[in-house]
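Note that chain A is present in both complexes that follow, paired respectively with chain B and with chain C.
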Partner chain A sequence: MQQTLAVDEAPPFKPRRRIGRPAFGTLLFLLYIFLLAPLLIVFVIAFESNQYLSFPPQGFTLKWFEMLPSESIFVDGMKVTLVVAASVTVIVLAIGVPAALALDRYEFKGKGALHAFFLSPLLVPSIVLALGLVLILTPLGLTNTYEGIIIGHVAITFPFVVRTTLMSLTTADTSCEAAARILGAGAWTVFRRITLPLIRSGVIAGGIIAFIVSFDEAVISLFVAGSGLPTLPVQIFQYVSNSADAAVAALSVVLILISLGVVVVVERVMGLRKAL
Partner chain B sequence: MTVLPQLAPLRKVNPVNSANTVGSSKLSIVDLTKRYAPGLEPAVDRLCMDVEEGHLVALLGPSGCGKTTTLRMVAGLMDPTAGSIVVDGKDITQTPVNKRGMGMVFQSYALFPHMDVAQNVAFGLQMRKVPSGEQAKRVNAALEMVKLAHLSKRKVRELSGGQQQRIALARALVVEPTLLLLDEPLSNLDAKLRETMRSEIRSIQQRTKATTLFVTHDQDEALDMADRIAVMNGGLIEQYDTPAMVYERPTTRFVADFIGQANFLTAQVLSENGQAADGERYYKVEVGGLGRYSAVGAPGLAGSSREIVIRPHRLRASLHPRPGDDAIAGTIERVSYTGDTIAFAVRVGDRRLLAQSMTSSADMPRTGDAAYLSWEAADAFLLPGHIRGSGT
Partner chain C sequence: MTAPTETQQLMSVRAGVLPGALEKAKAARDRRTYLLLLLPAILGLFATFLLPLGYMVKMSFDRGAPDGVIESAFTLDSYVRALSDPYYWQVIWNTFQMGIIVGVLCVLVSYPIALFLVRTRSRFRGLLMAVAVAPLLTSAIVRTYGWMVILGSNGLVNSSLHSMGLIDAPLKLTNNMTGVEIGLVEIFMPYAILTMVSGFGRLSSQLEEAAGSLGANGFQVFARITLPLSLPGVLASFLMVFVLTISTFVTPTLLGGGTVQVLATEIYDQTTGVLNWPFAAALSVILLALFGAIIAVYQRLTRKIGG
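Right, the complex of A and B next:
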């Protein structure tokens, strides 16, 4: 008891002396360099005239960018990736949002276990998941199909959607739904007119994350459909193993700009900080 | 602080279980029970209650007494374990919440944050498929009723607490609900605003003649606003009566203690001592170790042991006993002056009694003085129930 008192009466925390701020600033700067340096190098290489991936740069060229549209493996890969990512986003939202609703709003047996199970793909290494998927999908004849890749991607993006939706559900006032019901709204109307708008930001955030994760995913795509229906990351991986020219760097620059575009649009439309 | 209720004539009202006027009441609750889990004490225990058309009834009690559970069952937000709810002679116990046609104001107001004020108020009308022209008219009328028509295009989050509360009220009333349900609607407002909203809600309720159930833990609110108060404790109604009766003629020690301040004296009722008003009788009583005094109570109490309730403001503290009065001698332990009233804590043996006077006259005792406490026989009320356990 007396010890607790002593702790309670300890003098308030004193801010550190002036050396702290510049030191913190420098640390932050170095950290950003560490994070961004690989990206910067990709940018530099993309405009490099030398035939092979190398550093430092020797000349400026746009030929790698000009080459991209004619490189069918990139175009096809991009098509597959976009179809997969779009389908995955729609499907994972359609099942993830109701799952989060059930977890948040209802009491049932095994709720805790289900909760843990829904989030478990985050904890399982994707190589293990990929192996398991191949073992299951092969007898079903779903390897090298869109369905196969989509199933795999839905599995890994599902926890993100459940997570972000749950987050906005717990902060949303449940009495709003009760108020709407009392005012005469049926279950579906309450969901469409009240619940969904209330959790909109979590759902959008989940959708964006799902899209990006699917867009970026390589391991599962490689295992499930690497030979027959390669996605863009798989194509890039295979391209780099065969030839080491800077076309991949140019492609990376394009991808970075696309992501940046998405981020800017989302920020403009609804404010990214609110969404994430 | 206690609001002293205006002393309406102490009319006798039907006690809780003599529900003989089923036809004329707007809402009848019959044996309503809620048990959250088998084996647990019920949160609401065979509750019976009739509410007359146009009345505002307060469900008053400490937290956990079952008042909110009762309200939520009436609203349809919660299924009762047993019992039935009858509105306008129709059993609605099984009617889903969205078909009950009620209006409710939540403690958090529960306004829809993604809609503006007018859209919030219009929601119930949209659900009823009211034509849009009429919708606009009724929304406007409802907003005018709460004096906020000029804010109809505002976002909900731009409103103050008091404004949100009015919008919630307008949203509930615009659909002309069968019952208006208010769940602690004033508890999130500051003290000043609460007083204003109290009289405003009451006057809107009287104008619209909406039959209203009002959940509160604030006795002042209940005394001020309600036509009837149901004092609840442990899932049961302790007393269901007019504010004046609940205050002046509590049926149990819990009610006397919960509503306002009260002094309790255990007494042996010796003999009847004449007719009092409203069929009550005066009695001679013996208060343990203090002497013989007068009190009032229901007929037939002579020879029993009962508790006397005396409100502090009915107990006079003076330096000299007035000739002819029964008085208890004590010592003033504490004097607290609050402007319009002055309160005394008086030590009498091992008891501590509270007395309260409106004005300070010359004969005001000070701390440490020996003083006398006296009362009118009609203000010392013998509780009808037997003494529970060994209360002091």
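Right, the complex of A and C next:
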């Protein structure tokens, strides 16, 4: 899942044939519509007054959004999700940033293997990890607990923090660190005053992605705590499996807007493509 | 890597003042520092990642009964059952077939967008790139729900076709494999686009212009130059979508409405419904093996493209 090629440097292509261009443009437009269709439709239903979808839309309403704060399952789910995502973010930043620092700034045997190990959770299907977690958390009595879900989300979010932090570290100018050390600053001071500000964008992007991955995660949460402590995505999953009404659409809009806000922030901080 | 040069600078500065013993002390201190920095991460991943997976592999060799009783053993019973029962063969085949179909379709619909994003000099390029990738950061459940609304029997597609008088009875687009595949194609498009955009680095405008000036028409340029040069990216993208598809759980469950049996849904049923954990573990190991084999091919391929 490496996306590191310098396509930006490639010289832009000149249009060759005039005839093909409108057709290609139309094709692109249709493909983009297809790509965005489910998100667009969710927006339409969320503001549609008729409970069941009909075209053209019957009328505009905010009543589905007004219902949300009184739906206890959604409010409870949101609370679980936020507590988990915040805890997971703090934990993976605390273990991921030092690990990335060690990988970048020190030479030691087995560094390549360790790097691969740190990114390897991305290469395991979450349903497989979810089963492994159930098997190990059940005898410990940690299923359907906050601790259980948080443990479950650490591995899948950790690689993003390592990757974005490493990216900032390799591009950061190290001469300031050397200068600070020569001037007598201790290791911790150098890190806090020099290195951390230099790699801030990578750390922030990693933290945000870790948060959103945990925030949207459904499979591990479903396996580990689906019956007793459902997160918001699990609530939506269970709700949608039974009935799909407009209240879910309103809730989905809230989630999409949160995610889009995050997209904008990550794009500003370090560029979305590099971070993913 | 800038670290070595920095260290060298530091050493040359200190070399005049410091005798060798202090150098050695510094190396020891460095060693302690990086071990300390790495330890929390290694322990954390061990506990939350390696241990669960290892325990799962171990349990796949235990003996399980449908009522949740697990007998510690070393037996291949679960694997034999998974690979000899026609039902589970069908499940494995369904999974594989779904991966192929979704992979092919997803590559087909993503290719024009990727090609456009690599070539365009429009000032909207950044925006269009972000729009193509942004759905990645929205929940797959939300997007699956969107597809349920679009494809359902009273959904957008069926009600539009009906009001246009094109169909009498609604088309069956949900609660079957067709719906799952349509949804998955869209859900994995951003991955396919990203992989292709990265893999299209070898495309060059000069080659295409040269072909054009030598008299090739638009189709010939595409077939003889553009397509062959973009094939590694296309293949990488197909493999990526294939592995994502065979391991996905949410969309087959929701859009399949209980009628689509693939490895992921079967693992869930065995884990939470039937409570035969050793069997669920064996199915997971099979899925993991399939996944790992394809990922290995994918990584060799992307390394080749990169180098």
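Structural remarks
In the analysis below, the second predicted complex is superposed on the first by the 214 of 276 C-alpha atoms of A that agree within 3 Å, B and C clash if a C-alpha of one lies under 4 Å from a C-alpha of the other, contacts with A are read in each partner's own complex, and residues count from 1 in each chain.
Quick note on the criterion: a contact is a pair of C-beta atoms (placed from the backbone, for glycine too) under 8 Å apart; a residue touches a chain by one contact, two chains touch by 3 or more.
None of the values given here were measured: they were computed from a predicted structure.
In the superposed model, A:P197 makes contact with chain B only, not with chain C.
Once chain A of one complex is fitted onto chain A of the other, the partner contacts of A:L62 are absent, as it touches neither chain B nor chain C.
When the two complexes are superposed, the chain touching more residues of chain A, out of chain B and chain C, is C.
Contact with both chain B and chain C is seen for A:I182 once the two complexes are overlaid on the shared chain.
Of the two partner chains placed by superposition, only chain C is touched by A:S252; chain B is not.
Chain A residues 173, 175, 178, 181-182 lie at the interface with chain B in one structure and with chain C in the other. If you check the complex, the residues on chain A that touch chain C are 1-7, 10-14, 16-17, 20, 24, 27-28, 31-32, 34-42, 45, 52-55, 91, 94-96, 98-99, 101-108, 114, 117-118, 120-121, 123-129, 131-136, 151-152, 154-155, 158, 162, 170, 173-175, 177-178, 181-182, 187, 212, 216, 218-219, 223, 226, 233, 236-237, 240-241, 244, 248-249, 252, 255-256, 259-260, 262-263, 267, 272-273, 276.
Across the interface of their complex, chain B is touched by residues 173, 175-176, 178-186, 189, 193-194, 197-198, 200 of chain A.
Listing the residues of chain C that touch chain A in their complex gives 1-4, 6, 9-10, 13, 30-31, 33-34, 36-38, 40-42, 44-45, 47-49, 51-56, 59, 109-110, 112-113, 116, 118-121, 128-150, 152, 154-156, 159-160, 163, 183, 186, 189-190, 194-195, 197-201, 203-205, 208-209, 212, 218, 221, 240, 243, 246-247, 249-250, 253-254, 264, 267-268, 271-272, 277, 280-281, 284, 287-288, 291-292, 295, 302, 306. Residue ranges of chain B in contact with chain A, taken from their complex: 75-77, 97-104, 106-108, 110-114, 123-124, 127-128, 171, 175.
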